[in-house]
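Below you'll find a set of structures to go through.
Look for chain A in each of the two complexes below; its partner is chain B in the first and chain C in the second.
So, the complex of A and B:
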């Protein structure tokens, strides 16, 4: 692969996060591998329930990881986050400082009985050597940086006093308050309306330029990915089915699922009676199909092949890989 | 709050007046039963003396006026003493027991509830869920009887009363106070059991709900240590409903205390209230109910203030989202 070595910040190898429930085992993330480069945006797309959010939370060990490695590159050293106990101090020093996260729903992401300020200051006090007063100044500066008017007053507000867009900005400001190397943004705009979505995404890009952080952007919106990402992973039922630089993914998609996803974006100016959709339903997670998990919905399904075994990964070129029997992988 | 107490006082008076007859009829009946006949004039004289010949609203007004202007709650027919002298000490003991019970309910219920939620489905959780259900369903007086029997038959300890015999009639002193502390925990615990059990359930359920909230994971993603996180966020939020229950646990504590006191033979206000009601000793009964009612209102006020202090959503008159 090109661009290897120095540029890589985080490497995920064969990550598995399984949930053992009464109804059976859900393999939410089942053998996912990817690399994230410094200062670049890594997009993860897929339908609801494909495991993209669980992947994100697993990186910070907010979910119990079943297997795999999460390797952090720091000044030539490597650290495996998956090996650290989930409550260890080592890991807590990485959370919020080197890797921080923006969550889906800003309304519920803040405690209702603490001020916004106290929750942002908490992160600053944990990771920076400052006193309460300085932390407050940094927090106010952070709110100004994300475009919140009257930041000093907002610090003393409670979450129920602010709108969704304001809260999402506040959460971004909380996540970047300690200048992380990687910002995981889990559907940062899903709960917001379209005009605010655009503002938030612009803000993220602008902050990325200023701070040089890597962004892992999780979304189900192909348009957002096209605009933001440098590299994109397409997930389906806990696995990455295709991984490519953004131009290649959009102009030369290989996997039938990626193609179907791209087709389902409505196009401006083209009048269609019905929106394109992917046939069938996401299978029941307790009762997954044999072979390739996408075969019951796949237009290129090959009988006796796709339902017999799972395809292994095929390298189309050094930076484009796909898991599909159409390209080998038998 | 003040108007509420006034309404309460009038209601109390009406309810006490409702049963047919009054103290005199009961008194005369009792005398008749023991063979003494009273003539009409004597009864009328007594009736005038106690102002029982005046209409209800006038007596109600006089009673209230005397309470407000002179702190005089009237005279007990039965004991022929001012009500206040009769109930002072007993009331203090009742309040002491209820106070101890409230403390037990808050601390023990809170601690076990938190532990049960954090270690959900552990042996500890199962044991206290079981104990909790029994605690909620067992009546206080039955528990008092069982405890009394158990401690006496097993250890020969006779738990009755609030004082050791040598202090029973002694004037108040520090030694008597210590003696009281030695005795008070058991009745307080008996009264508190159902409250504790209830609080274990409430706290456990609330905390389990809060632990799943996104803000807990957000705090974790910032690198907050697990124990600090637990106390700062979910417990803090889960405690609000518990605070709001203080208000309505007070009345149930008072009534539970009355039953337990009758069984355990404690010199508190509960048994006296029952006697007064049976004898239609109206000023005594009315005053006790009025005072307990006012204390309950006070409790509710305190719990509201606590709640507003703990939860900004209430302070700002917002229902939250």
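So, the complex of A and C:
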């Protein structure tokens, strides 16, 4: 990471989000650190329950953060979002303006009893000093920018009148209406068909180029990560097990979990007789294994080492780090 | 269809399922959703036919119409049983019940397809019980055997579905579908709700079972990677119609329908070297209640010409007699389309 601080927009240090429930404590996010650069796409991949969505929601303080720092770099000064009260005026100004978010299911993310226009205008009126009429103009312009035909008419539509792909476009338009520096996209195309998914991903790349925003892309789909991300974090049970630039992660993965994950997806154009699957399943969050959380499923498990202590992060090089005893980390 | 090839297990001819659109107090029919419209294909014994398409293309309706879980509007379904050809589509109700033993289905969602009030033993044993095949300790033995076959521990048969993870539940669903020793299993998106690591385990299990029990699969999925991995031949659907049907390798390397090309180009590939090489198809999937004129894909097709707006293309074979490659496109022979290497 050269020119430190210059390009960094957001820095997350040792973030922990734990949920205290009757059954026990779920360490949904347990000590996660990463940096997000301006104008770049940071991909977070992992299976369900690994904490990728909770990480994103914690950054916006939509979840109660247990510990850690979320540092926003703004014109040379720094702000720790984790220290602000979740309901503070300052935080509300950041949410939706500097950092905005789009969700997995466009069908449920919109209110069905308000028009699309009124929902987009609300965000604009909240963060920009404009009147109702101007807000409507900006909203219409926004819809046009994301490729929705007849935007003026669509402003008066309700969410159920639009298709999933069109709604996802409308949500993106709402999210970027205040030119955010960071767009958090939580599984933005999972509910969509492949041809529509390709359109939406392409739209995101195009908007990123125009607006220069950073994108935090959360997905379970290795294909989407390979196409979109500059840097990728692989999560397993609340921890980042590997973090690397996209080429390094796909061509030279270090962590046994990353390797196994990449091998278990059927690849188009390569007809393998058998998929290499990962043995076992993700453990119960109330009853996590000791030591490295992946060791019961790991093909490279070392007895007496992996089940004894948790590996610390090892730097393979300045931009590639991994938490595994195979590379030191004791 | 007495001359159905000896190695063909299932032959589907002109299958149609049209759902009425009803409006008003008197439920007047104001139109039809042509969910499945004139679909033809065959499956050979012991092979896997992959049925791929986007949502609303009619994949699931096709699967369900074959086993008559929903009554098809028109068309014939022939099934070869012990050397004899049975017309499934004309069976009477009681004959159908008897016949269904030979065709079973695995559902997409392992959470909603298992009754939460039944134990695993009751779930897997139900087909055996209602068909008077086994009861008592015999039933228990058979359930234990089935559970072992799908990699579940028989001790767990007294548990309820909520005690199992998604992958394990899907195994329960698979065990249930195998209880009656079926010949054909319709797998309706069996791995779509599962995480990648569990998806790979389940696909491997389905392949092992196919080999051990000599099963034939109709494998329905929207995921081209999964389809390519598991299928011997692939049929592509778009808005209720079959647009292309060929051997897997041929279809992926050498697609003949522009929609297949678009699907292959749109799918995200888990390799950064394909970045930016993507071709985007514009527009949205056609509405089966109100499909476009001519070829349903023409409004999105980059190669469309005047004839495409007027006439729906005929299904033709652009392959050989032995290795047929069926496609419905006016320009199938003329276009050179890109597949995947």
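Going forward, the second predicted complex is superposed on the first by the 323 of 330 C-alpha atoms of A that agree within 3 Å, B and C clash if a C-alpha of one lies under 4 Å from a C-alpha of the other, contacts with A are read in each partner's own complex, and residues count from 1 in each chain.
Keep in mind that, in the parts below, a residue touches a chain if its C-beta (ideal position, glycine included) is under 8 Å from a C-beta of that chain, and two chains touch if they have at least 3 such contacts.
No experiment lies behind these values; they were computed from the predicted model shown.
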(request) Kindly say whether there is room for both chain B and chain C on chain A in the superposition, answering fit or clash. (result) fit
(request) Mind telling me which of the two, chain B or chain C, contacts the most residues of chain A? (result) C
(request) Calculate the angle at chain A, using C-alpha centres, between the directions toward chain B and chain C; round to the nearest 10 degrees. (result) 80
(request) Quick one: classify A:123 as touching chain B (first), chain C (second), both or neither. (result) first
(request) Kindly classify A:196 by the partners it touches after superposition: chain B alone (first), chain C alone (second), both, or neither? (result) second
(message) According to the stated criteria, A:267 is in contact with first (chain B), second (chain C), both, or neither; which is it?
(response) second
(request) Check the residue A:97 against both partner chains and state whether it touches chain B (first), chain C (second), both, or neither. (result) first
(request) Report for A:158: first if it touches chain B alone, second if chain C alone, otherwise both or neither. (result) first
(message) Looking at chain B versus chain C in the superposed three-chain picture, what is their shortest Cα distance in Å?
(response) 10
(request) Using the superposition on A, tell me which residues of chain A are in contact with chain B and, in the other complex, with chain C. (result) none
(message) Quick check on the complex: what are the chain A residues that touch chain C?
(response) 47-48, 163, 165-166, 193-199, 201-202, 220-227, 246-247, 250-251, 260-262, 264-269, 271-272, 274-278, 281-282
(message) Please output the residues of chain C touching chain A within their complex, sorted ascending.
(response) 54-55, 165, 167-168, 195-201, 203-204, 207, 222, 224-226, 228-230, 248-249, 252, 262-272, 274-275, 278, 280-282, 284-285, 300, 340-341
(message) Applying the document's contact rule, which stretches of chain A touch chain B when the two form their complex?
(response) 57, 60, 62, 87, 89, 92-97, 100-101, 103-105, 107-114, 119, 122-123, 126-127, 158-161, 171, 174
(message) Looking at the complex, which residues from chain B come into contact with chain A?
(response) 213-215, 217-226, 232-233, 236-237, 240, 310-313, 316, 318, 320-321
